[in-house]
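Read the structure below first, then the notes.
When the chains are written out, they are named A, B, C, D and E in that same order, and each has its own residue count from 1.
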Amino acid sequence: MQLHSLSDLSQVHLPVLLAAAVPLLLLLGFVVLAAWGRRMNGGGWLAVGLHGLTALMGFFVFWTTFNESEEFLPWHVSFEWFQIGGKSIEMGIWLDHKSGMMLGLVTGITFLVHVFSLSYIAHDAMRHRYWGYLSLFAAAMCGLVLADNLLMMFVFWELVGLASYLLIGFWFQEKLPAMASQKAFIVNRIADAGFIMALMMIWSKYGAFHWGGLFADGDTTDVWIGICLLVGALGKSAQFPFQLWLPDAMAGPTPVSSLIHAATMVVAGVYLLLRIAPSMDASILTLMACIGAGTALMAAVSALTQTDIKRVLAYSTVSQLGLMVMGIGVGAANYAFLHLIGHAFFKCGLFLTAGAVIHHLHHAQEKAHAHFDAQDMRFMGGLRRQMPLVFVAWLCFAAALSGLPLFSGFLSKDGLLLGAIGFADRIGGWAWIVPGAAILASFLTAFYIARQGILVFMGRNRAQGAGAGLDFLAAFPKTDLRMALPLVLLALGSTWLLFSPGNPLHVARYAVAIEVPWLPWAFAGLALIGILAAGYLYRKGPLPNRLNQFVFDLSFRHFFLDPLTQRLIVRPLLALSRLLALIDHYVIDGAVRLVAGLILRKGHRASLSEATDWVDHHLIDPVADEVMRPREQHSLSRATAWLDQKLIDRLVNGVATVVMRAGKRVGHLQSGKLQLYILYTLLGILLLLLTLMYIFTG
Amino acid sequence: MSAMELYLTLSAFLFCLGVFLVVTRRNAVMALLGIELILNAANLNFVAFNTKYAHGIDGQMAALFVIVLAAAEVAVAFAIVLNVYQRYKTVNIDEIDTLKD
Amino acid sequence: MGSLSILLLLPFVALLAVLFLPSGKKGLLRQVTLLATLLQAVWFFASILPSFQNSTAAFMDFRLVEKLQWIRLDLGNTGLLNIEFHLAMDGISFILVMLTVLVLPIVAYKSFEVEKRVKVYFALLLLLDMSMLGCFIAVDFFLFYLFYEFMLLPMFFLIGMWGGARREYAAIKFFLYTLFGSVFVLLIMVGLAFSFTDPLLTAELGRPVYTFNMLHMMPDMAGHFANMVQGSIFSTGSDLFGMDARTLAFFVLLIGFAIKVPAVPVHTWLPDAHVEASTPISVILAAVLLKVGGYGILRICYGLFPEAGVHYTFWVGLMGMVSILYGALVAMSQKDLKAMIAYSSISHMGFVLLGIASLDPAGLDGAVLQMFNHGVVSAALFLIAGVLSDRTHDREITHYTGLWTKMPRYTVFVLITFFASMGLPGLNGFVSEMLVFLGSFKGIENGLPAWISFLSVLGIVFAAVYFLRTFRQMFFGEFSYVGTGDGSTLTDLKTKEIILFVPLTALMIVLGIFPGLLLQFMETAAAGYATMLGAFH
Amino acid sequence: MGPAGTYLPDTLLSLQGSVGGILAELVLIAGLLLAIVLEITVGKRLRHAVPLAALGSLVVYLAAVVLFWPPARPADAGFLHMIEVDRFSAYMKLLIGFCSVLAVVAAQQSVKLRIHSKGMGEYYLVLLGMTVGMVFMTMARNLLMMYIALEMVSLPAYALTAYARMKQKGAEAALKYVIYGCFASGLMLYGISWLYGFTGTFDPLSPLFASGLEAAGIWPVTLMMALVLGGFAFKVGALPFHFWMPDVMEGAPHSVASFFSVAPKVAGFAMLIRFLAMLQHGLGAEGQPQTGVLRNIGWILAAMAMGSMLLGNLAALRQDNFRRMLAYSAIAQAGYLLAGVLMWQAEGFAVVMFYLTVYLFMNMAAFLLAGWLEEEAGIVRIKDMKGLSSSLPWVAGITTVIMVSLTGLPPTAGFIAKLRLFLAGLSSYQVDADPLIMVLLVVVLLNTVISLFYYLRVASTMVFGNPVIKTWPAFRGLIPLILVGMTIPLIWFGIISFDQLINFLRELSPFVNG
Amino acid sequence: MTMTNILFHAFILLTAGAGFVLAISRNIVYAAFLLFVVLLGVAGLYIFAGAEFLAVSQVIVYVGGTLIVVIFGVMLTAKMREMKPQTDFVNLVPGAMLAAAIFMALLFVIRESGVLSSPGNSAAIASDNVHRVGVATLTDYLLPFELVSILLLTVLIGAAYLSRKTKIEKEEQAT
């Protein structure tokens, strides 16, 4: 339905109106909080109230769409944003099962995180910004899921990136968040370039941005569109090779990590793929599956060795997202979506528990005047006694993540793994790597999450080892209700209740060629083995590294992806930039100044007249200054410095010298000697005539 | 060689001598002598060519005017030379070069 | 007297007023100038805007036409040469005039801090104002050229008298560079005048009347040059120095205007000029003056030589792409904030070239919109640099850290402006850059290879790199200042400064959300251009 | 028997009729004689008698020129084909007369010139004599007449250069000028003698002239034409006969320098244009521009033009002495003018007339300004002008206008002059598609850019920087008034209206009475 | 070979020889007298070309007027107290080469231009030479004739002024 004027709004479905109101309300909230939040004592309650309202609205929208039959959907309302070349570019709301569900999820989880944050962020002086940014984020995310076309999706996609940038860099005085936020944004930008290219091609080919008719003919352009969109999605969902921003993004406040970098924003890429995948070319789907499975495995391996409580979860997120992407690639899109929803609950929960742990540790540290890294699991242990509620909630989340029966993960993960097997079965041969990697990844998932639980909650507390006093454990505060409530709700959301209320052990009936009913159980068993193995290995706390340092680093430093990027992309790029700046100054501008210098230097003599001085001062000296100025060697890459010194300097100097010498030798005509004037005059005439004769008679 | 050719060759010779004098002699007076030679060379041409175009007398008239003009020129030129001599105590052209770039 | 001449007259009257006021009354001089620029804006919105509200589908929809016979030269057997005082406005010039009238009050207000030779300063500023406006609304080539050249002198003095340490060098460089570009425009202009006749006057006077009227030099929708004189210098098919004359003219004009844009590799005057110029002058230079180059390419290079433009559009696109990437890359390693912004200007103006080269309505719309948006954003960027140099006289990026804690309000404006410049959706830069990208890829049909548009996309990645690096360096972290200036002067924005930023940031946000507000005005013009250019494929 | 077989009384009648054409000049000569008488009788007691007489006779002369405005097509060439009294020459006379008026006023205002010796009378007398010569240069249409008129200008000029004898530089400049000038005119005379030898006549319009040149062959004629053109080049200060310009302009009294920079150039161009017009007409088919002598002349002039522009501009870049810089700029301007002359296919001559009109105002003003600065503030070097604008904003303003005009940028008359040049150039190109013209135009453009640098330097030095000199004179008196007055036409013709003058000048191209 | 012819050749040789010696002479006084010889020789050659009036004028104006001025000039400027009022050369080699080149060019013109094709007729022009000059002066060349008189007047004033001593100069000399 096309809106032409405001009065048309009266004909729009209520759910659609409500859905549209959600991002607008949130945006309004952002503006209010950003402008007046500081005066409202941070405005935390306002934010919570607002998000409570939107959560209700979101739930309502979800519920109405969920109960609507597929054939009456989507509810689509759009209006013209602007016109270009006679074609209108539209914005609109697209409500179907997917977007309705996503809207409910996003608003709901955001609300829970808000509640949790009330106590987490209570003492930060900048908290009004925090609330504002969160509202901005929520608005952007809602806009993204509701978008009815790819351009609009891209708009909100970028805004989500902005909010993420601001939230990661929330503690901007510290170095780590500053770097991490920059990295996150730039890496995302690179992927977004892919998105933009896709949009360019779509516009050129289809003249509209709706995904409806996309990939209809499956020609080369369509393949490229698919690849470019995939690149965009990979960036946002932190898949290979873009995953390196996500672990660093943990530098933000933990609730932010839980909301953005686990539950919602990072699934935007998956959401995009879900929207467009059905009609994609098979080759792209295969690529997607491979990338997803590979990333899942890589991230799972990395999660094994992390010591930072949040980094484990970050790699886990990358890994789970990998499984979803693989799921879409192998054709199990429904299960990927299911996993997306489930993952949102349990990963958000996991981060919130981590947040609670860190928050409590901080408080205890403050009271006990202990100083150690509150995120390092090696200094934790035995915390189940100090915060039992948190521990219980964590158990639910971890079980869901591992894919144990009765929890949500069991339902979705077996679907994904079965889908992968089916895919391998269809293609055969090398394709078996995909399910292999996925299964291995899910096994490792169970292992590392168990490791985390053991290190954090089990055994004895190791804080003394880090110099904390005996009173440290006693200083632990009680878990705040504002923290507890979200955890409990999320824990409930991680069980089977929401997903398959009737049959807690609902097993995916995926179209696998070989019907193997025991497979899901085998996966669950595998997870159990992983948990047990971890329990055995870490029964006495953290392990000293017995592995080869390189192998350990391979995992710990995530296959050196970060340093490799630095070496191969960042540094060369910056070196290129410096080189170009030098070329700009010495070669391009240098050429200009050289020409000017040549003109002005003509006939330069030893007796410098004032004019020549002036010329020197204004046109030659700047070059000379630049050439002579001592250069900061450390800041230049060696190659650039070499090139600069050996080539450009010499070139400039050389040419300048030649010119000056020539100028001196020629002397100048107006020497003051009359007879020379006459001589030159006659020579001039003779030369002129000879030239003429040469030209016309040869 | 015909008379005409002799006239013309002599005129050319005088012209070149004039140029030579102007270009190479340091003394301003000598340079002026060179200019006189050039004017005489031209005059010689006029007169010689007039024999070729005998129906008119234009060549001789031109020579006549040139003689008068040369006199005027010499008057001005020597007045200036004397002035220079008073200022510089020399009439060597190559020593008088304060005006230059 | 029509609306447009009143628009030109306003600054001129103010100029006279400024000249006759005593130079001691600095306050009055400032207020007169500000008032004139504000009046100009009010006049624009009150009188000119209404006549653009309903668009028609007519080709080359010029409105508010004012035409006065000015000069008529008798050239004997050749005929007559007619020069008219001919003002008119189409969607494209409308947008650029709007930009000018919006930016100038800000410049005038910022200029209140000038203390040295106030009278001369404001007189030159008003003169510059008038000539820039004149450039955008002159339809007679001669008149355009007059205004075009006339911008140089006030700008020269404005840079050279109120600039930084090397201001003379920068001013002279600016002047020589741009003059080099424009003298050749003169040659082409005269040649063009001899190649086109004014049909009405020719009929009326019974002799060929050659004209400078650009409307007569443009082809009609079908690509037919109705007024071209066969066998003249710049008639179709004639040659010059062994090359096609019209192609040669196109390139000469292109270089002339590319210097103004500026496009790589004729850009090196810009960083110098910006680094040395004072803040208001940088603002006016970046926000308006550069647009004359883009406008010239669109209106004159492509408008008058469409067939050459269409045929060689690859080179224009390449120039745009190189500017985008090169400018961005060089900006990355700049240490001076203003130099960084200057190179970012080069990069962003590259989009204008790319958009034009696409020959697609979306690209053309994007190019014009990008000019407007860059005007707004770069004005804010230079004001941002000005805030720092006002306080510490130090623009070295690495000398600052953690300004966010010290100057939170400043940071908000910086953040919005930087992100607008990066092309973040919701802010104005996005729409125009997106349109340029969309158009440029569509330009494949017009001979613009896909790799040019694809590589150009990297420009926005690089933009993110240099802006975010700068932002992190200067605003993140604990506050410290290591430069030579006085760090204690680094206080947050005063009300006066906020007044400067608010309209600009408001524009960024409003136009980011409702680009249609501007696009509606140029829709017809861009579509007309695209159709006309399309006739030459 | 009269000359060439005509009946003597007829000849005398014709001569008598010719006197009517030069009535205005007779007024001028009478003024000269009156001034001489005054100088001898009351010159010592009444200081202003001679200058007033000179001024008066010049003003009356100008009025007379306007009053006796020649018909569009003069019936017969005057004095048995010696001179042509046409509108072209009348207009040039106006320009020259105006220059002379200014030179008289400038000398009258010049304190240094006034006090240096006991009398100024001779200055005005010589000046008037020189004006007579220049006036006849504009009319001369006979080679011998041309030479005599040229000498009539040169000889007084030598004397005027040396006028301020107390200045060492003045004497030196005069010596260089006189030797160089005599040499150049000697070359020209030698060339004329050969042209006479080829043709047997001094009248370029005579059929003998064309047939004689044809018989002589192209290269001997070209050589001798080059020598003749050298004489013209000397007068207008074009390459390679430009060497005297900088030295004389620096050494001569400033009123003289300002006069020399314009008036002889106007006269020289007038004579050159007439000469070329006659050649073009007289040589007819033989001198077809694509082949033969005319082509060679075109190339020689083009080479002179380009060389003058390049050398003048490049050398001017290095000057710090303001007058020397202006001298080089005048050489460059001669190059632009020669470029205009070359566009004879179109309306090159009208271009040159317009250019000269504008040039008169801007160059004269520039030199007067230099003189004023020298006398009142002792400023000779450009760098001493630093910061002048803060004390003398009007001077800075006027200087900027003049310099912008000399560069040829809008909104000044200098720009319109260049524009006119381009109009003619391109319409000439449309006629014969001669690439030489295009090259010439491009060179003009490039030189405009180069010249900007040094012209602008004057303005920018005045405006930028802190003053070196602390006390500045007041900008009051007659010369400042004249300066302001002279910038008005620069703006007027630059932006407000220039078509009337251009259209008017179109009608004035030299009349060729065949 | 007639007597006239021999005399003619002798004059040619005399003029050329005197000119040459003048050109290379280092003594200014000698040079001035050699110029006298050249001018006389040229005057003689005028007679051979049928220009009697001109020859007389040459002797009277040139030899009688101009040369006197020259000699005055020489004597006033040369350092007469020294025994040899000598002067030397500058740019000798380039000057000589240039002069030679010009001479070659002129010879080329003389040969190639066809001026030698028709021989001169000095007898025709010699008849009533003075009459013809007189008529021409007052008819064809009336205007130049009058103008030259004005020129002479102006030059007279100028030259007189330049040679006259001013007050200040006198004072200078006194001190």
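In the analysis below, contacts are C-beta pairs under 8 Å (C-beta built on N, C-alpha and C of every residue); 3 or more make two chains touch, one makes a residue touch a chain.
None of the values given here were measured: they were computed from a predicted structure.
Touch-path distance (fewest steps) from chain D to chain E is 1. The set of chains in contact with chain A as well as chain B comprises D, E.
Here the chain at the heart of the shown protein, by mean C-alpha position, is C. Between B-E and A-E, more C-beta contact pairs join the chains of B-E.
Centre to centre, using the average C-alpha position, chain A and chain C are separated by 35 Å. Chain C and chain E have Cα centroids separated by 70 Å. Rounded to a whole number, the gap between the C-alpha centres of chain B and chain D is 26 angstrom. In whole angstrom, the spacing between the mean C-alpha positions of chain C and chain D is 43. Of all residues in chain A, those touching 2 or more other chains are 603, 609, 668, 670, 672-675, 678-679, 682-683, listed in ascending order. Multi-chain contact residues, meaning those touching two or more other chains, occur in chain E at positions 90-91, 94-95, 98, 102, 105, 115, 136, 140-141, 144, 148, 151, 155, 158-159, 162, 169. Residue positions of chain C with contacts to 2 or more other chains are 168, 172, 176. Pairs of chains in mutual contact: A-B, A-C, A-D, A-E, B-D, B-E, C-D, D-E. Contact residues on chain B toward chain A in their complex (touch as defined above): 19, 22-24, 31, 93-94, 96-101.
Contact residues of chain D toward chain E in the complex are 1-4, 8, 11-12, 15, 18, 29, 32, 36, 78-80, 82-83, 116-118, 122, 125-126, 128-130, 132-133, 136, 144-145, 148-149, 151-152, 155-156, 158-160, 162-163, 165-166, 194, 197-198, 215-217, 219-221, 223-224. Every residue of chain E that touches chain A in the complex is listed here, in rising order: 90-91, 94-95, 98, 101-102, 105. Partner chain E is touched in their complex by these residues of chain B: 2-10, 12-17, 19-21, 23-30, 32-33, 36-37, 40, 43-44, 47-52, 54, 57-58, 60-61, 63-65, 67-72, 74-76, 78-83, 85-86, 91-92, 94.
Partner chain E is touched in their complex by these residues of chain A: 673, 675-676, 679, 682-683, 686.
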